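The structures come next, written out as structure tokens.
Each of the next two complexes has subunit A plus one other chain: subunit B in the first, subunit C in the second.
So, the complex of A and B:
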């Protein structure tokens, strides 16, 4: 049964509990209570901890926004981590080494990310190749491209000169601006970028015709095609958007590291998928929304933060995170 | 639907095209490799001087910039000797691939193999087989088990950790609150830099108030440092197992406005990374983790000339601080290769304990 974004949830208690947003919110509240109990010597009560939890989840959250769009169309995009690295490398090359102004570097980087996505979507749509396989291939290809462009080393403020020595440049202003804070130090710019991405994806999914088409394709592709939905074009749009968001994430990553690391983003696609799933969007497609992804980002972000301030050893962290993901998905399970 | 004539011929064309592509790829790679192989192969025991040698270099991965640096150093050292050709193979952090690479070198009958293994146990046998086939093997940075290899060249992470601990004790005057950001603790360098550090600070009043595994990654180090800053109002120094980790911690402290009150120590000292951070005033100190690329080629030349080399060569480290970074740092531990003058057949230099 497809979930139309137009239908308004009725506010009877029984209906309310069955909304996926409710279970995600409940999970978030439970995680919050966990944080209050295990506050790490009072660190959880400081505003800085929450601001930082949002900051560290933002890059994953931006990836998850694009991933939501793709998953709703019953696809998947495994290449987002590699595209993030490619764009991080390119942005650092343009901004640090070639000293391009921001209004030139950023649009080109966004274009690179979107192009990777459109290629994946095009191959999946026109040739009928499984999205899993196409984006897996793009994941490997983009990683190789990132390493080629960067020469295997991080693109940093140390530039190699012809005689093998290094000259040092300053970190460009745009990097500092993205890695700074607003509102008297209470909100990171990266978090703001994430929230803007959430709003943009919400507009696309819930308010534009395209969004409705994507839900239709995810719910029942043959029916959508027969109804006149331009399936191939929509798929290319969805993956292009995912690539675009991966590019935004890459720019944020480069700014926060003050360098372009071709090895960045390894495994980030799994985090993004986990966030989307924990939020409550179905991997089968046709159901879900960006609000759920926002909740999923906060849940994952807070879990990581609580484990971090309590200095939980790495092995326990991995096991706990895995268990919590399974628990969250079990809670989300819908009975037919 | 039974296969029609057009379906079958499309199928056939696809198969022919695929086979042609594979054949083309193989012939290009073959031509590339045979250009690197020397034409004559006299026995290695009595080589005439100025002969052309082929060295096979098996690197476990080129994902770590430090290994990219290692390969670059080997290439640069080999370029100074026109009679040396080095064939580089990258195992992309896959043990089975690296085994295959060693076996490929053996069947190609290279004159010497340099290997930086991903793991000790699975690579021990291929290396032993290479030695048994008459090819000397230099093991770089990570060990294999047993003694079936010609020479091991590596730095001592425990020594570096201990020196870092001692420097920190001296700098803090014997007491202080320290945050330790650890590298991947399932890897030997992480474990050694950790135990060495703890040995170095033993007996002092240095207190480790927070430790976390940041897996050598800068974003992870930043996250952990943010948690430490939220939890502790007073931190004196951050000891990170690598320079990117220390830099991530510094960025977190800078965002909190506390970077001037905390000292930062890292390890690796790559010229475009750790040394730059010290020059820019980000790090207070970094310890060089030498890759040994230059020493590998020097030792290889000695072996190929028929000289005896020590079984183990331990590389020294250098300390870079704000005071000495412009002079190129100061050496620590066992003397660096260019200061050492081993005679053939002499006893190996004293190992750092």
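So, the complex of A and C:
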């Protein structure tokens, strides 16, 4: 039997149906059909609804991209919500209070997020502590740090002066820029940032040696180590990237709210994990990809949007989301 | 509190245990064929056989682990069929497993009574339980704080606790599977004294060991199994060591292949006093003071039974041993310290482990990606994987190895065992290793694939690679090795040249017997 680089597997519909990408796509189509049926008095037919659905899901999506990279290495990062808050606070402090230019504030914020991730990853990989525990600790620590930096209050354009009064400053240009839209208002900048994150993490996972090593580590860590994969370093970088993306999400969040809230991002890590799981990436590691996470983000985003245009109360929305996550995981299990 | 205080003294003529016509298959593989076995009260009955002869399977049937078998099992003259290990224990059958089955974080007393705690209305009766635990341990000559967690004791002590756990059952039928594998001299003596005490009380003991001296010190009778067949049962006096070994090995060997006979090739790998200790801190090193020379183009066979340390030796050389190492290693005349697999690979070593599912392959990755996992740095300049080159390399490997796969993009887990093993070998073939460490490279592989793997090994050694080969199949070892080194309890027990090695002599040395 010969194998040429051109030989592709034969087209087999039965095989295709068992691919996670197919299941996720099917779910997205299903959600779309639901949207067409329950269109909220025609709101679903308007382009603006779709633009907003994508914009509202973008921050979660950015977190989910980093989470995917970590989960594929058979890890988990619970600290992304807190890191998001920490960076949102820092970004507002640098940009609004201290009036730093964007080229100074943004790199420093990204560095803070990446550092949080590298610390978690380093502790998990070098000392063999479970990622769940390490990142749980980082989640608590980063939240505390966010409150310390902000003095426990929202960092906004209202600045308390020495005599107890508030003085108001202008919202910096960079905040406005991130919160704006492109292409005649048809694409939010935040959504564009999300798509850039998707492309970047796809390149990492699908094209870089590093990504291949992460799949190998998640799929069989002892075998990867015995094949010469530098396991600890690769894991540390994965958490670093996850922290970096949490920082990106924090910057976006701060720009959208025009303030840095130390209480922001509570529970976001769970949304990010839910998106990854619904997409079809295995929590056991070694299987999945960014494409699936993109689909997962759209599924969650559209469900939220459809529920909100139909004025479903938040309580029911939460319960429905929970049920949908379980359903998605059950479908995944049947395949495995 | 004495054990079995009210047991009648003289042994009854009814055997304690009678197993007749026991057959057992796993899938299509039959591991036991019509095996008979019996045990009298007050007797130590040694069960002997090579690795894979079916000893453990037979004992798992007796212990209620395997409930799906053909044949007949009688306990004290009454037919029984155990439904679970718990059921067997309730019938007075206690099994001391080779792998420790203790819960490390529970205390000694809690472990001894795990699953059958003495309680009143759900409240533990701590006092009586503790006194009983202390008594049972005293039988083995062990005095320790029974409230401390098991994990805080050495492996040897844990082994004794495991035995105490079985004794506490007050079973009159004990199965001991290599109980001395982790024990030192004095502890072994105490165990033997305890066995003598149990015999005197009329208990029957099935004893499995790979150590010749234990067989002849303890056994009243010996039963030999080979490839799942019952070869014979004899009183110890009628079965001298050479005959025992012949019964265990006794099979036709395939004719020797043309020897590669390397003569003056340079020494590739040289070990002097190589020693590996376990990370858990057992007193006895896993590998002790091993010295050897391996020339380019040579295949050195490593023989040894379970626990001989030969797998650990390969892991140690590959920098993957989990514990301290000592001694000197020279690679092509230059000192080499094995500290990590990464470093070992850079120095041209390759390790094929004996368990491809757990340590060889990444099942979810494709065939092509498993092929290139160890040589990715060469295929990804600047960190970017060149997928065209990767696929070309994988396709070339698949062709060279005669891999049977529908596509190189299918997950490697979908291949058959033999083809999976070819992928493991191909992963290293691509790196042109200078030293190949092969641990059971033909395990679970069909005959055809076996021949292909042999050919591959010869090809490798002809190209100048030095090969350290472990295989538990003696015919294979004799067929492939230029020289053979036998390990016993971590130490070199014997060295043979190609001409001098016979299955009998190898097995004799592997069991720690003196050469005559």
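One rule holds for everything that comes next: the second predicted complex is superposed on the first by the 322 of 336 C-alpha atoms of A that agree within 3 Å, B and C clash if a C-alpha of one lies under 4 Å from a C-alpha of the other, contacts with A are read in each partner's own complex, and residues count from 1 in each chain.
Keep in mind that, in the parts below, a contact is a pair of C-beta atoms (placed from the backbone, for glycine too) under 8 Å apart; a residue touches a chain by one contact, two chains touch by 3 or more.
Since the model is a prediction, treat every value here as computed from it, not as a measurement.
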Practice prompt. Could you look at A:314 and tell me whether it touches subunit B, subunit C, both or neither (first, second, both, neither)?
Written response: first
Discussion item. For A:286 in the superposed arrangement: first (subunit B), second (subunit C), both or neither?
Written reply: second
Discussion item. Under the stated touch criterion, which partner chain does A:183 make contact with: subunit B (first), subunit C (second), both, or neither?
Written reply: neither
Discussion item. Looking at A:37, would you say it contacts subunit B, subunit C, both, or neither? Reply first, second, both or neither.
Written reply: neither
Fill in: Touching partner for A:157 - first (subunit B), second (subunit C), both, neither
first
Discussion item. If I apply the document's touch criterion, which positions on subunit A are contacted by subunit B in one structure and by subunit C in the other?
Written reply: none
Discussion item. Which stretch or stretches of subunit A touch subunit B in the complex?
Written reply: 40-43, 46, 48-49, 52, 55-56, 59, 147, 152-154, 156-158, 160, 166, 168, 179, 181, 253, 256-258, 261, 263-264, 304-305, 308-309, 311, 313-314
Response to the item:
In the complex, the residues of subunit C that touch subunit A are 318, 320, 341-342, 345-346, 351, 353, 358-365, 369, 373-374, 376-377, 380, 383-385, 388, 391-392, 394-395, 398-399, 403-410, 427
Worksheet entry | Residue ranges of subunit B in contact with subunit A within the complex | 62-63, 65, 68, 185, 210-213, 215, 218-219, 222-224, 226-227, 229-232, 247-248, 251, 255-256, 271-273, 276, 279-280
Discussion item. Under the definition above, what is the set of subunit A residues touching subunit C in their complex?
Written reply: 1-5, 7-10, 207-210, 212-213, 215-216, 219-220, 222-230, 286-287
